[in-house]
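Chain lettering (A, B, C, D, E and F) follows the sequence in which the chains are written, and residue indices restart at 1 in each chain.
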């Protein structure tokens, strides 16, 4: 049996990691996964594994699965509003299916 | 004239020394489009090793230091850090072509201190057998933190004025704590404490000290590669940033030299100490400063301040200022 | 021409990597991609790039594209059943589109 | 308010990074995110963090969000045609939703 | 009374030594909330370097060793490893407030051996110029593997009883092979073999040996940072784990000391060897043990056993047990 | 017969030396299924350190070199590089069981040069106190780049013929630039330039030189682990690749030895230089060659050429060819 749930993905500066995680947990997510990355957007190019001199500017990609779609949407809007005027970053939602709905 | 010749000669000699040679080598390699790069984890480890080494030595020798002798240079360091940011605020940041917030953030970074420039300065002084008080590197935070605090407060005030809105004023204490928690200052201070209250002489002599110059040569290579890589960044912002980045290290260094000279007259601060204070003043933060500024002045464009500092400020501080102040000391303390 | 296929994403302890890959291949996937990560779930926080002392506990994120949706669903259920009672981990399915269906 | 947009994900050899990014930017994407990975496909196994001796062969995962679905589809087809006959790699599209459409 | 004074003095001296100082420094730095960290790849490389160095030396000196002298301590190591797990099974793991499986896994980890504690012990013995047989580090796997095997088998038996189901019993052989394949034991054993059958003297003396203490100081820093970071983990499980983690290294170490003393009486095992056997017994595995246990006892909560070991067990083994057993040896072998 | 005995003896001695011992140790460890691995960033840093060290030394000693003496060996290096690829084209690549493109790419890799084999050769020569001109490592690019260029051009010509289509012919210049931009050649050449025009003596003697052998031992371990890991890759392609990989290093090395001998007769090229030229010829590229070939001959299957080179070619070059050519030189120059 599969259940349709929402996945929120946040790509942002490492600097914001603590705050983003706090927001994700507050919204009720039971977990999250982070991978390191590099990238380019409006702001500036972020080198990857090369010695970066300024690590805090590198990009992280956080994904969190939320059982409730409305919560996910509210979280995405909140994060956009609070952080992404000043800091680099994007948020998006993906529809996914999971086996154990109660896990999320 | 003679001075110029002197400087040219000192500069030529420094060029041959690994410190400068690896810096320029890194720039050349990057300019050639080479894929040569040092892994990020090695870079972070090297910075740790250098700062731990500087801290340990400082800590071990501070045991016998006369704390009254430290007081005046420490106060001067604070004054210089604040003064550099104020100078930047009323020069670079007040130009109409320059975004005020970007200008203030850049001034903050140039007021703050670079661990790599400091390490390079220490090695060059040692190579030239110029004595300095072992606690001089400990002046680092005294200049670094006030500069960052002042920049963040100034940026906030300027944004207040623009927006009319009355948002909460940034407090100095959290910025200070945040600075001390940065990996660079933490390593330096941990090293000093370990040097002061424990007996790390053996591990210092067998491990941290003998690798110092070698690791520095690799750090210089990295700084060179990075400098070249960031030049394109700098091209995206107003030319004034490049001009500021060229001139500021020299002017700040001279300011530092002046205050150092006062300390020399007042409390016998050594000529080597004066040079080192000038180098610290000339340097601009490359490791701990940027994240603190990014958090404290989010509206400032990192391309402006990191470009200015990494692409031009640091190479000028290492390649021009270090030999310059050694020559100057030669003349003044002759 | 695009074809709708299924992507299965597994986030689990590195420890399980070998077994998970064997299961993925047995299910008929022609490939998979792994990225390293860190995260938090029910069990415990897994630090990322910091010296972790216990690397085997860190998180990996495996994704595999399967041409056949039913196979993907069966694989997701099997992996959940076999591993995720005892070990940390989650599985989810995403709908995606690919150009070359015969490649998967 | 959420907007449905397209996400293109490319998994390919690091060797192709420069060319792929150029194509992505030319197609009009305003940004992209890269993470390092390892994997297995038709060609050969790519070790991850272990000393690989041949770094250029390792896998990268690029994702780029494009506001316009047709552009994303065209880009996916172009990349497949140009690169993935000779080089290793896959492309896929995912439907996602974002908050700020004008950002992409 | 004198003993206590002696211990206090030895302890105060050790505190000043880099090994302990860096461990405590790491804890302090983490407690302060510093972002200082050593990259994971550097950490893994340091562990490799230390174990290769220990292995090479052991291998080179084992060439002349009398294998009969090794036999008794090796048997004792196996006995100690098994005994520690059994003690844990019938103390910690039988408390009603403690999940039995978690308790057995924790006992397994405390029976197993820590490479970093062993390295720290070797350096401290060397610093104190206490002689020991060069093959003593080779006792590591003799205590480590049996402890893990026994813990996994006991956990399985206890689960059998609870569930009533009759699942396949874990076999010792695959656990042993898995342990030997772990990166820590592989490096140690490869080093021993290379030391034994090749002539690595020069590379040992020029590279592996001179960097040993320095790299250990960094490892100690990492262990300190990690210990502090894991304390919060430990807070999530029953207090008994913390109490066990405080007491167990000392008790296990005394057990090791006792057996070592027997070997001293029987075959002239050196006092330094006795201390080292006690340190090995006191240590708890931090690198290779956890993944083996995770695979072998999946139902056990890693927060319990890793928290106990990393946050408390290892600091106690290094900071308390090493000076304690040196003092004890001073008294007993005086 | 005597020669064979000689070789057996040299080989037995080399086996005991860390270079070979760590290579075989790495293979053994991987064969045993051990999880021991050296982090990728450490590996890349070690390669940088070795090539920088080789470059610096070459550069420092080249200052006094007679450039006419270099000319002939350099020309010979180019000739050998091209000849090896042509030999491969008309042997391996013309077998009907072998995909022609894969065969040409493999020949290209065997014509190119391995930094690790070169470093191993240097250490073994030093250990045996065999003199060689310090500029010999600088022959590396002279053999490496032409081999890659010829392979890419030949592969293109062969594909042209098969497809009938007339696509653009690859140009030598971009391949050359791309090769020079690779991290290995960049480090080597940067080192040579720094050695030539600056004064890195101190940092060389205190840092780059003393760590050389130790870092090489770790690199050998990595190459051994990697070789074993790639064997399975090789099993997927025609057996001919394995046979080629076994024989080619020896044949190419003898070719190199022959040309070196000519240079010895013509311009007094030292016996050590002859051995080193043979080792360079015997080596097959493991760092910079593969990506260049991957970009230049995309239709070739990397499993074929990387498998051949890493799994068999490099171990044969290091373990068999180095002692073989030293023995040969002993006989010929006796």
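The working rule: a residue touches a chain if its C-beta (ideal position, glycine included) is under 8 Å from a C-beta of that chain, and two chains touch if they have at least 3 such contacts.
All figures in this text were calculated on a predicted structure; none of them were measured in a lab.
Q: Using the contact definition given at the top, which chains are in touch with both chain A and chain B?
A: For chain A paired with chain B, there are no chains in contact with each.
Q: How short can a path of touching chains from chain C to chain E be, counted in steps?
A: 1
Q: From the C-alpha centres, identify the chain that is farthest from chain F.
A: Centre of mass proxy via C-alpha means gives A as farthest from chain F.
Q: Report back the single chain whose CA centre is most distant from the CA centre of chain B.
A: It is C.
Q: Please state whether the interface between chain E and chain F is built from the same residues or different ones, using more than half shared residue numbers as the mark of same.
A: Here the answer is different, because the shared fraction of interface numbers falls below one half.
Q: Can you work out the whole-Å distance between the CA centroids of chain A and chain D?
A: 19
Q: Please report how many Å separate the Cα centroid of chain D from that of chain F, as a whole number.
A: 35
Q: Quick check: how many Å separate the C-alpha centres of chain B and chain E?
A: 43
Q: What are the residues of chain E that contact at least two other chains?
A: 37-42, 44
Q: For chain D, what residues touch not just one other chain but two or more?
A: 35-36, 49, 94-95
Q: Kindly provide every pair of chains that touch.
A: A-B, A-C, A-D, B-E, B-F, C-D, C-E, D-F, E-F
Q: Show me the residue ranges of chain A that touch chain C in the complex, using the header's touch definition.
A: Within the complex, chain A contacts chain C at residues 2, 5, 7, 21, 30-36, 65, 94-100, 103-104.
Q: Would you pull the chain D residues touching chain C in the complex into a rising list?
A: It is residues 9, 11, 35-42, 48-49, 59, 61, 73, 76-77, 80, 84, 90-95 of chain D that touch chain C.
Q: Quick check: in the complex, which residue numbers of chain F touch chain B?
A: The contact residues of chain F facing chain B are 39-42, 44-45, 48, 177, 180-183, 186-187, 190, 193-194, 197-200, 202-203, 206-208, 211.
Q: Hey, which residues of chain A end up touching chain B in the complex?
A: Residue positions touching the partner: 13, 15, 43-45, 47, 49-57, 86-87.
Q: For a test of understanding, state which residues of chain F touch chain E in their complex under the given definition.
A: Within the complex, chain F touches chain E at residues 15-18, 21-22, 25, 28-29, 32-42, 127, 210-211, 213-215, 217.
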